[in-house]
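Heads up, there are several structures right after this.
Both complexes shown next keep chain A, but they swap its partner, so chain B is in the first and chain C is in the second.
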Partner chain A sequence: MSAPPLLEVHDLAVSFSTRAGRVPVLEHVSFTLAKGETVAMVGESGSGKSVTAYAMLRLLDRAGRIDAGRVRFGGADLFALSDAEMADIRGREAAMIFQNPRAALNPTRRVGDQIGDVLRRHGAIPANQVRQRVLDLLDQVKIPDPARRANAYAFELSGGMCQRVMIALALACSPALLIADEPTTGLDVTTQAAVMATIRALAKDRRMATILITHDLALAAEQADRVIVMHAGHVVEDAPTAALFAAPRHPYTRALLRATPRTTGSLADLESIPGSLPTLTAPDLPPCRFAARCPGATAVCRREPLPRHRGDGRLVACHHPLEGAP
Partner chain B sequence: MIPLLDVAELQVKFPVARKIGFGPARPSFVHAVDDVSLTLQAGETVGLVGESGCGKSTLARTLCRLIDATSGSIQLEGRELSHVPIRRAAREPWRGDIQLVFQDALDAINPRMTAFQAIADPLKRLRGLKPGPELDRRVAEVAESCGVSAGLLGRFPHQLSGGQRARVGIARAIACRPKLLVLDEPTAALDVSVQVVILHLLAQLKRDLGMSYLFVSHDLNVVRMFCDRIVVMYLGKIVETGPAAELFANPRHPYTAALLAAIPSGIPGAAPPPVLEGEPKSPIDPSPTACRFAGRCPAEQPHCTTAAPPWVRVGHGHHALCHLVTGA
Partner chain C sequence: MLTLAIRRLMAALPSLVGVVIVTFLLTRALPGDPAAYFAGPAATVQAIEEVRQRLGLDQPLWVQFGNYIGDLVRGDFGTSLSTGQPVGFELATRLPASAELTLLGLLLAVVIAVPAGMVAATRPNGWFDQAVRVTATAGVSLPTFFTGLLLVYVFYYILGWAPAPLGRLDIFYTAPPHITGFYTLDALLIGDAETFLQALSQLVLPALTLGIFALAPLARITRGAMLEVLGSDYIRTARAAGLTPTRILIVYGFRNAILPVLTVLGMVLSFLLGANVLVEKVFAWPGIGSFAVEALVASDYAPVQGFVLTMAVLYVGLNLAIDLAYGLLDPRVRIES
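Here is the complex of A and B:
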């Protein structure tokens, strides 16, 4: 690609201070995202998907510290910006939607007013047009009867409706990047299909890049151009969706695929992943954090630094990458 | 042969006060479960699916006698359960025969009880065991069958991982050797890697103990693999029921078809699912002479809003509540 990517995360490392000492949560996280591209970030809970997103937008709480790395977004170095400059980018250039929309919305303000707040904060339009723009946004995310729903409080709306309000809120200033953190977890499949269709259509219209954080591999397969697989704070594989599902190259990706219920196949075909995420405070944490759960692990995996092979537009972080079919 | 569980014309209504204009409020009711009949044979696994708010959890809880039914009957092995007041139901001899596994064991287990106490509690209350070697032995046995290692029994719920908590929740529910286990979204809060383990555990327990399962879930892929028969609910009504393989291959009710079509295929580049427009209607005093799905139904006909749909037999053990299906 000749044009610089919209987003470039390079060698990001994040640690959290806990009573048990500093926990290295993310290590060497690198990826890029082009304009208009949708990338899914998958992995078990605790694998670092959300932390990556929060760190990028500098939303980590005080216990979290960015130890290393660089995030370039639309030409700016996000970690070099002042807090005020960063606040301008959040909401206007890069927006985020959260897993639990009802908890993310202000329970004491009407949803229309909350969307209006974003428009006013970023000064995109004159004050007398805010109301009309709010109604347009609610209409775009397919909320029926926007004039009435704009006056509703979050508790008066269903989960699917709240998530649409969150999307309207996130898209109010036409951001170049949308981070959707488990946007449909807890919603019904029918609502999930509707919410994802809304995000996809808006992304296409505006050439908006999307990071879809999910633990649902089937959803990732359907929605994303590329999939980033995370395990215990490492990016273990990053590949175009079709290639990843046709032939996963990291043993963890293969294990995840084998554990995911499909529309065909039986319960007996499902394989569990042995063990659990490693304790990151352990003094003997091997360079490959999947080594203890990996059927193909050798002494090298526990001794040598983790290689990160690139080629064919994909990345795999493994000493013994898989070849061939799943 | 009498079925293990026989539910007939069950209704659960919750009163809501709705005031229109002046004058006293007119009593209105949320029809959470409306005229539901279903049977469950011994050893059978039935999946109960539908959108949130369709009444599946209310139905599950009513069957466990945690909620009073408005009318209708619930029979377990021919014994009527619905007439027993809730307060007394907790001490009835059959109470241990129906047990419930909740979605998140962290909320379901008393946070001040250790895993041992949580598993021992139903044995003490429902089976009358006194603290002593016999109770210790039974708890150890149940814990082992659910893969809870002895070292974990002294821990409190917050000291356990999600998978371990799920195991304790299941161990507690099967401690009394129930005949029917009602599972309300047992794996919804778990990662796929842990979900697989719990599903395999549940399948193993069923083989070993011969229980029947009522499996409430909105994960249709899991339900398809796990259940013999599927019951689909929409706004308090059962709209379709049939053998799992048959129902997934050949859904007859338009709602079932839309629900199944919305499952992500997991195939990269596949066309995204068609979107089911609109939201379910209000469950408050729904029209008795209209199909509940009317207004969202892609195949709707004029008479769908003027007459209640019939319950049509469309195949062997396969029924649908719809004007538009033809019987078999």
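Here is the complex of A and C:
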């Protein structure tokens, strides 16, 4: 074994209380992240990608509850910390950026002041240098004319500018981990590319680990060292990017790839994934939550607990993993 | 900002004109004959007619209206028939009394209700939220005269902490010189601590009565606005950045919830200013509300017209101030205007 990973999520389980009772949303979510590594989390909407991230940083809203699991981050057991200790880590050691950046910024506070709030909170630098540092940060995320933009409000900036401000805000204290939750959703294509390039360059400079949450497989393929595929609150596959795209081993991964348009091949080759995400409130939820949508499902899938073994750097949570080409 | 103020002021002019016309017609349409009232119960028909002529009430309506407008332009609100004083003078002495009472009452309500609403919103339906709801509902459900009497009973009659509810100052004190018209402020301005304390002690119970009444709308709107804001994306950003709960609650939360609170604050203020007649009665407060009601009962036109006009001007001014405050507090409003 080499050095311990930066982040280690072990057997995480989260449930939400709803009108219909408690819904087990996440189950047995485990993965690790090394320093400087970029991992993409992919899956349909509602597959639990964001919930995983929020649970890790203890940002779930009141309805959500962590039922089991452990998160070790840089040597600390995050679930054992006090609220104040956890808040010390957020923004300083682990930061997050969100989709819909304009809504994610305080509408009545100048964006420069919001970045300054983070700097002052974590006491990174003396008060009289905050302003200069804010301008440096805005410059690093390639915002032209930082001195003027720092005085702007979110509604005065474009979506792409707002996301750059969010990135500057998240990176203000040089965190070791950045969680980017659909950072490019809602931005136009050229802006998407520019924002991703900015995140990537800064992550590389700072040897910062990144979790990229996205439903865009092309983006994942382009950016990530490793891809974690989630379905209905389970991690179904976790593999190095090239291996995963070359030969998916979980039927859901294969279905996702086949549902993604490519430059080679016609639109007629696209396949939709049959069915939809299972209702998690159902009392007879099978151990494999993909069983109802899976062409290769057997009685075993509906009865036996899923195997979750890691071998040669990848994990497949399936009784009947696929072999060979897609 | 200045253009906005001027534009809003211009827009308010038609409503002021409307108020002038409506109050004039309304007071004329009221039942009761002021001439008969002031001639006295034993007056002959001829005596009543003489009074009517003296008051100008025998003239056609449009002539009366013309006279009224002419007087208004000269700043003459007419003379109260029942007190014999010029209405302008009565308003000038009584409005500060009502305003001082209302403002302190509102201040008390804000100081309690806004923080309570903010904290209640952090744990909706928790014990604190429930407690705030029960207290506020009780406060608004009790009629103000009852709350007032209860306070007088407890703090004056039983405990003896408060002075007798007999107006703005104990009879052994003289009123401070008229600077703002607020006795407490004026006493402070001339450095008269004793009069200040006396005026304040007279003011506390009626102000508290109004404050208790105003708690509910303020606490409820603060809670509601905060709940909405606390669920928004930028609060999540602030939490993800590790900002402290207090800072999130105030700078990221309340700062964005302040507009609805301000709106309700303005409504409550204008409501209390003219509608606290009962409180003024209980505490023998020489305010504008009781003045107007007495005049109305006596079919005394001039004070009623003067009162309604004054209140209308105050409403317009208050709404203007709130609109301008919007612009100061929310940069988005500034851009739209």
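Just so it is clear, the second predicted complex is superposed on the first by the 325 of 326 C-alpha atoms of A that agree within 3 Å, B and C clash if a C-alpha of one lies under 4 Å from a C-alpha of the other, contacts with A are read in each partner's own complex, and residues count from 1 in each chain.
Here, contacts are C-beta pairs under 8 Å (C-beta built on N, C-alpha and C of every residue); 3 or more make two chains touch, one makes a residue touch a chain.
None of these values were measured; they are calculated from a predicted model.
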item: Combined model on chain A where chain B meets chain C, clash or fit; value: fit
item: Touching partner for A:88 - first (chain B), second (chain C), both, neither; value: second
item: Contacts of A:192 with chain B and chain C, given as first, second, both or neither; value: first
item: Which superposed partner A:235 touches (first chain B, second chain C, both, neither); value: neither
item: First (chain B), second (chain C), both or neither touched by A:202; value: neither
item: Chain B versus chain C as contact partner of A:107, first or second or both or neither; value: second
item: Superposed model, chain A: greater residue contact from chain B or chain C; value: B
item: Shortest span in Å between Cα atoms of chain B and of chain C, once chain A is used as the common reference; value: 11
item: Footprint overlap on chain A, comparing chain B with chain C; value: none
item: Chain B to chain A touching residues, read off their complex; value: 51-53, 161-163, 191-197, 199-200, 203, 218-222, 224-226, 258-259, 262-270, 272-279
item: Complex contacts: residues of chain C adjacent to chain A; value: 231-234, 236-245, 247, 251-252, 255-256, 329-332, 335
item: Contacting residues of chain A [partner chain B, same complex]; value: 44-45, 144, 158-161, 187-194, 196-197, 200, 215-219, 221-223, 241-242, 244-246, 255-256, 259-263, 265-267, 270-273, 276
item: Residue ranges of chain A in contact with chain C within the complex; value: 57, 59, 61, 87-92, 95-96, 98, 100, 103-109, 117-118, 121-122, 153, 155-156, 166, 169-170
